[in-house]
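Each remark here refers to the structure printed beneath this line.
Order of writing sets the chain letters: A, B and C. Residues in each chain are counted from 1.
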């Protein structure tokens, strides 16, 4: 690989890791701050992706839209719609115990995936949506840089917003609820409301991450929203980085993405008959990695500061 | 010293941060009934749990029948010859009465003759062999809990407030059963709120206050003390 | 919908219900004993289905003969997974086990794909001719699935009711501390819990593979209806999971006459959420 290629790869790497950081920060609100399980990250990610894809792509006859709107509108709408879906989900599931919430959110993601796959009029079904605008190159330098800048801005925005929320009375209330609820199952209208707010707040960033993903690749299809990739990888990132710690969430995203990408470089060197299996091998390693983290460093690289 | 059924020596421990037990010591030496009384929060139940390894012991030692059982696994303590009836959740609600006794005899691989002896001690259980324990009345449940514990054929039986949730007329009946259990050659260490009724049937009494044993005497002597109510209330 | 169509759907529902029940029992028992939702259960079933495939292709066994091999192999794998991973998290908060089992799900799924590849397989190629009774078509495979499931569940029932270990499992599910106090070596019960959960999982996986075809996502795809079965039946109660499995299976099949069959998993999900909200302890009361 020449220097230019290496630089491009580094930019792509940082962009993708940044997108994961946005999602991991969202999960850190739900899990790290509020103690709510969400194994349905892929669902909110998909909502964000498809929202911006439909709003910003060019009009086509076979499905709703596109509406050819500016990317920034797509990003904001992705956050809003993801938050709305989270509100509907959370409104129903807010009172559930952790283990039931885990199953319920898997179910939500599965339902969203079924909709994405089957409602052709909305999402173009299994063929996916091509032609999602990528950041234009004509008004400032080479386009990979702009995408990276946009993603970096989103990471900073997410970090600042979540840190501010964490330090506010609202954040302290979340912590208090989390610590209390670990023992007993407290009820109460205010607690349910606070938990719902955290769930919605976190989901907005998952939607934003999904939207950024759509604009990075310019094409999305239901394939990308299976449970392995976005949901599990983000969990590993947050746990490895240190759940409850926003810097940890960002660090974890980059470290795990480095490992994930690194294994891709290694598996690409395998003999050709095994390359097809490489994806499976990488997932297997990630599945083992999370066990190692849980056993040897359950608090993560940067533990939560209380 | 291996004649002693139980020796608790200067035990410290508790659930989370703070110690509830702050240097408790006592001894049970043979088939006798020893009653622990004391105010709420004195650590009586915690002491019972700590004997069975259900509460972390952070200082001191507990030995039973010559074995050190400090922070030991509960099933191994049962194997050593101790049985324990917690105050609440002391039967398996979804198992039948008969199956509850089988579980008590888990280590003995279901000795049918011994089970019949238990039914002889608690005849009202014999009529309810196939009934689920969860549907028993409070008094029957307490009988079953004691029966389950006796299935281990223990040398020492720990009872945590066996009469706590019972109607007054069942209290005497239950305490009389405990007398019968002693007659089988089993030592009994019990926590009891009905101090007078319990001490009247006991050999020795122990007053526990603030995580320590404050006083220890023959039950009759304790019972005769005019200041017993104050001791009991932690005065 | 004619009465024949209706009964036909009921038959299909009983077949998938039997499979959900086999998985749901394991989920329920594991929850009862270890107090966590075992998210790798679907993939454990898939693993079992592929073990049977290996036995069928290498030893040229019929499916029914490969079944016990798959059950024993999966039981051993389940015990090994518990020993290497889950056992370390017993003292940790329950969520750690949730995350760990989600990771194990991935490991099992990837292992299956690494060994057998991503493609589809069937146990026996060729078309089996259904029996026709009063216009109802009953496939021989379906009869085999339902009959074997009944046999396995009866054996499981006898185990729970009459053996020392079976009673200990129920006791531990009621109250682990009291079981320990009674002298039960709870770690040994845990080992047997995995053995039974794994064996039943393998049977469910083999039957689903027999009814459809093998692929690495075979039973991950039915994780939702299986959890729905366990929850509807009252989690921690294996008999409830049987009733729950049949209910979910039948309702899912009947729903296909009203809504797009692609949304079958969503039906299970809706029932599950409704039960969680309406009666979190299940229609038959469960462990809390």
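Remarks
Please note the rule applied: contacts are C-beta pairs under 8 Å (C-beta built on N, C-alpha and C of every residue); 3 or more make two chains touch, one makes a residue touch a chain.
Just so it is clear, the model here is predicted, and its values are computed rather than measured.
Because contacts link the chains only in sequence, without closing, their graph is best described as a line. Remark: the per-chain Cα centre closest to the mean position of all protein Cα atoms belongs to C. Ranking every chain by how far its Cα centroid lies from the centroid of subunit B, the top place goes to A. Distance from the subunit A centre to the subunit B centre is 54 Å, each centre being the mean of its Cα atoms.
Each chain gets a centre from the mean of its Cα atoms; for subunit A and subunit C, those two points are 30 Å apart.
Centre-to-centre spacing of subunit B and subunit C amounts to 42 Å, using the average Cα coordinate of each chain. The set of subunit A residues that touch two or more partner chains is empty. Across the assembly, subunit B contributes no residue that touches 2 or more other chains. Listing the residues of subunit A that touch subunit C in their complex gives 37, 39, 92-93, 95-100, 102-104, 106-108, 110-111, 114, 117-118, 182, 227-228, 232, 235-236, 239, 276-277, 280-281, 283-284, 286-288, 290-291, 294-295, 298. Contact residues of subunit B toward subunit C in the complex are 52, 54, 73-75, 78-79, 83-84, 86, 89-95, 99, 102-104, 106-107, 109-110, 148, 152.
The part of subunit C that touches subunit B in the complex is made up of residues 164, 167-168, 170-171, 173-175, 177-186. Within the complex formed with subunit A, the subunit C residues making contact are 31, 36-37, 39, 85, 88-89, 92-96, 98-100, 102-107, 109-111, 113-114, 117-118, 216, 220, 223-224, 227, 231, 260, 262-263, 265-266, 269, 272-273, 276-277, 280.
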